[in-house]
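Order of writing sets the chain letters: A, B and C. Residues in each chain are counted from 1.
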Amino acid sequence: MKPGKSLLLFFLPGTALYLGLFVYPTLTGLFYSVTDWDGLSPSYRFVGADNYVSLAGDIVFRKALGNSLKFMLAVVVLQTVASLALALRLTRRNKRTAALRALYFLPTVISSVSVGFIWTFVYDPSLGLLNSLLERAELGNWTQNWLGDMKLAIFSVAAAQAWAHIGQMIVLFVAGLQAIPAELLEAARLDGGTRWQVFRRVTWPLLAPAAALVVSYTTIQSFKAFDLVFTMTGGGPAYSTEILSTYIYGAAFTNGTFGLASSASVVFLLLVALMTYLQFRLLRADRVSY
Amino acid sequence: MRWLGRFALAFYAAVVAAPLLLVVFTSMKTTPQFYADPIGPPPAWNFSHYRDLFAGQTMWRYFGNSALVTASSVALELALAGMIAYGIVRSGRRLGGFLFALFAAGLMVPSQVNMIPIYALMRRLGWTNSLTGLVLVTAAVLLPLSVFMLTGFMRTLPKALLEAGAIDGAGETTLLVRIALPLSAPYLAATAAFLFAIVWNDLLFPMLLIGGKDKLTLPLALLQFRGEYVTDYPMLMTGVAVSTAPMVLLFLFLQRYFISGALAGSLKG
Amino acid sequence: MTQRKKLSMLLAALTVLAVLLTACGSSNGNNGVASGSGTQPDGASASSGAPASTGGTPASSGGGGQTTISFLHWRGEDAATFADIIRKFEQENPNIHVETQVYPSDQYQSTAQAKLTDGSVGDVFAAFPGAQFESIAKAGLFADLTGEPFLGNFTDSLIEAGRKDGKQLAVPYQLVYNIPIYNADLFSKYGLEPPKDWDGFLAMAEKLKSEGIIPIAFPGADIGPGQFMNPMVMNNAPADIFVKLEAGQAKLTDDWWIKTLSQFKELNDKGYFQKDVLGTKDQGAGALFIQGKAAILATGSYELAQNKRANPDLHQKLLAPITVPADQAVYEGVHTTTFMLAVNAHSKHQAEAKKFIEFLSRKDIAGEYANATGQNVTVKDVEYASEELKTVSEWMTKKTVFQPRYTIKNAQIQTAVTSSIQAVLGGKTPEQAAKEAQAIVDQQLGK
């Protein structure tokens, strides 16, 4: 059944805007990766692949790459598992679930800069919420230097990132769960399946598109996370929370090497593209069968 | 096992609520009171910071600007992305796949890359101090996200209905407006909610593209509280509270549409 | 079906509304609303301290003879003071209107860069010395101010930071000392005086610790390393050591930096910093000092005013750790001249911009600025009113060196240096931390 010609008109306005105000500037920005532009001067020179070579040997870049991967893994695991687990208990439509979903969603509407401030205080070693509560609960030796311990800091920031977005993912999962026809679930249960079996055989496969969406969106979001890291740690201590996006910012604006920043962006894009592709394949989201 | 689930819900509710209470508490302390006791409840319910914030007419102006930019951007976004998502779902593999990839690719671009080029472009177009320009840039930058999400959702729409409508002689526009959009209602609401929060809190593009004092949006205005080395936390938290409250109210209002607009309706019927 | 219909109508309404609003928005944007000089919401805004700019919309020059110049800087806390000063300036120069834009210092770098290049914003702007100064100079964005008469209003030695190749490109306005603040009352309570050598410094810290006071509140997570490293290194190496480092003639693995790192480690190991030093930010360290739990705050004179506001009973003074025996000490402290005022080379209103800087350089205006904001200035013969400002101005007679950290022109190297301090506080040995930092320096120099 051939779709109508007016479809092309549907595409027109949005695509035009997109190409003009997004794609074109992005391509220009990426073009600078083969120059030595510093972001300020009116002139620059072509340097071919020099920036890429520098990048490969750059100690800080390598650290940023490793940290980005660590950060991403921590956020994706924490966020996906927590939001799915909570969503499973929130599919019923009553006042309580509505209220809880609204509460969980609240952190998402707060700007990430504010989230950064709030969690910096929560993590403060002497005056913060977390350590104070642990002390009062007689768990004093569980207190940590959350943002100052070089091995722990990145995970502390990851927890804050997850906190800010779990509510968002819950909404997606709930929509996906509510789309599963109740008859299928009833039938499976009547056939004698345990809760786990029902989940694995019926719920999970049908949830695949929502899950794929959640995982890939979280991945990209965590790679791009900038405001949070910038506000909470600035990349420290000693580069332990330096991720790709803060590296790019530093290269572009603090060090005056816009060309290098652009080359790092190209690597960034390729990396995220690869991850997203792999995830979609893994979750087999393009096959939704009833 | 049921108690485990209940416990998890209650625990996470506390995890969400505690830091937010901290915001409210802090906004009600004077600076010395804050330093004396950073995390406890305030000694008194002190609304002086809120009063100071709204003292000049200017705060309402910034509220208005934020509301204007956010509402315009989101509405524009839903319209444009909705049409594109529908088109992608209805098109063949080649065209649909290509367009989807084009938009989805945009998701991966970090803002640092196109920040300066976008500013340069807007300067050439003469749009560096206009709210219209800001709305257009915001809409453009959010298209990857919106198209990505809406396409994913619209793919789950029952093809049978659309085919039936087409056979009955309906044109694409009719199909879109009378069948696809109503069915997508909960998804549009969900997307709208996400977009609202993103645009309302956006700092980057307003910072770059707005110059005149009368056009400041709320987050930009609140930046003033962050001085070079002075961070007036009670005032800052007041600002956070004030700028978050409208979002909270709006979400609560839209929430009803989430719940009631279940997709299963059309399948059952 | 009714609820879905309702929603689609809602969406349709929103879209129509959006189109209408956008149309209204664009017409507001395109008509330049003439700035009403008389009635402005400035009175209210000055008291709430909220808005960044003063009055009106940016109307370009021409038509009615009114020129608008734009003033770009990062000190949001000075907004009200500048508003008052600008009002006076505009009274004296009725055909010039000043519009201010403020971005906090951590965003200032990125935003200023984008906006300065086209010359439409920042006719007058502020710059940081060191790396930012160099990069803006390289881009040719500074208008040459050499020979301007108002330069004579400044103490000559204090405006050196704005000079390059013999030309005066920017004029530093603020004078700060990057040495720790101490609580004078706590010191006198325990009979302590600012020590004159390293052993004395350790003994003082030990005494405070034994009395249950945190000797030094150190914001290890953000500004601490970059600030405290200055007095720690000033007597361990010659003043141009970092210039030599960037020329490849000195290394971080040499004695001078190993010694500095070891002294940091010594302070930390002996418990003279607060617990979990790397997790504490400026706000947290400040809170400890303001509450009287810590005797010394390892930041700088720029925080004197805000500490006093938070706790009016504080009596504060400045001291610097002397890391060598008293007879080997060359410098007593570290100063920086910052908030460098400059004129944008691409500006179309350079004459008006210079007038504004001239106005700011008058000693009564500079005095008004200093007394209102609590920051010392580089202008000559200013009368300081507050205790804190006077304390700082006492240091002008002492022998101080220009902030060593700002002599590092390469920002990556600067970060590597401060990171090595964090690494040592996190448990690495000085040798290991220095080696890793030097690797980054070598890489940067190899370019």
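Definition applied: contacts are C-beta pairs under 8 Å (C-beta built on N, C-alpha and C of every residue); 3 or more make two chains touch, one makes a residue touch a chain.
These numbers come from a predicted model, not from an experiment.
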Next item on the list: With centres defined as the mean of C-alpha atoms, identify the chain lying farthest from chain A.
Entry: C
Next item on the list: Kindly indicate the chain pair that has more C-beta pairs in contact than all others.
Entry: A-B
Notebook entry, point to check: Cα centroid separation between chain A and chain B, in whole Å?
Noted result: 16
Checklist line | Separation of mean Cα positions, chain C and chain A [Å, integer] | finding: 33
Next item on the list: Check each residue of chain C and list the ones that touch at least two other chains.
Entry: 110, 113, 283, 287
Checklist line | Set of chain A residues in contact with two or more other chains | finding: 39, 124, 127, 249, 252-253
Next item on the list: Hunt down the residues of chain B that sit against at least two other chains at once, touch-wise.
Entry: 38, 115-116, 233
Next item on the list: Mind listing the chain A positions that touch chain B in their complex?
Entry: 1, 3-4, 6-8, 10-11, 13-15, 17-18, 20-26, 28-30, 39, 82, 85-86, 88-90, 93, 98, 100-114, 117-119, 121-122, 124, 127-129, 132, 163, 166-168, 171-172, 175, 178-179, 181-182, 209, 213, 217, 220, 223-224, 226-227, 244-245, 248-249, 252-253, 258, 261-262, 265, 268-269, 272-273, 276, 288
Next item on the list: Show which residues of chain C lie in contact with chain B when the two form their complex.
Entry: 1, 3-5, 7-8, 11, 14-15, 17-18, 21-22, 25-26, 28-30, 33, 41, 44-45, 47-58, 70, 74-79, 99, 101-105, 107, 110-111, 113-115, 118, 120-121, 223, 282-283, 287, 290-291, 299, 302-303, 306, 309-311
Note to self: Looking at the complex, which residues from chain B come into contact with chain C?
What the structure shows: 31-32, 35-36, 38, 52-53, 55-59, 68, 71-72, 74-76, 78-79, 115-116, 119, 123, 128-133, 135, 177, 181-183, 185, 188-189, 207-208, 211-216, 221, 223-231, 233, 257, 260-261
Checklist line | chain A residues within the chain C interface of the complex | finding: 38-42, 54, 57-60, 120, 123-127, 145-150, 230, 233-234, 236-239, 249-250, 252-256
Item checked: chain C - residues contacting chain A, complex -> 106, 109-110, 113, 116-117, 131, 135-136, 138-141, 220-222, 274-281, 283-284, 287-288, 410-412, 415, 419-420, 422-423, 425-426, 439-440, 443, 447
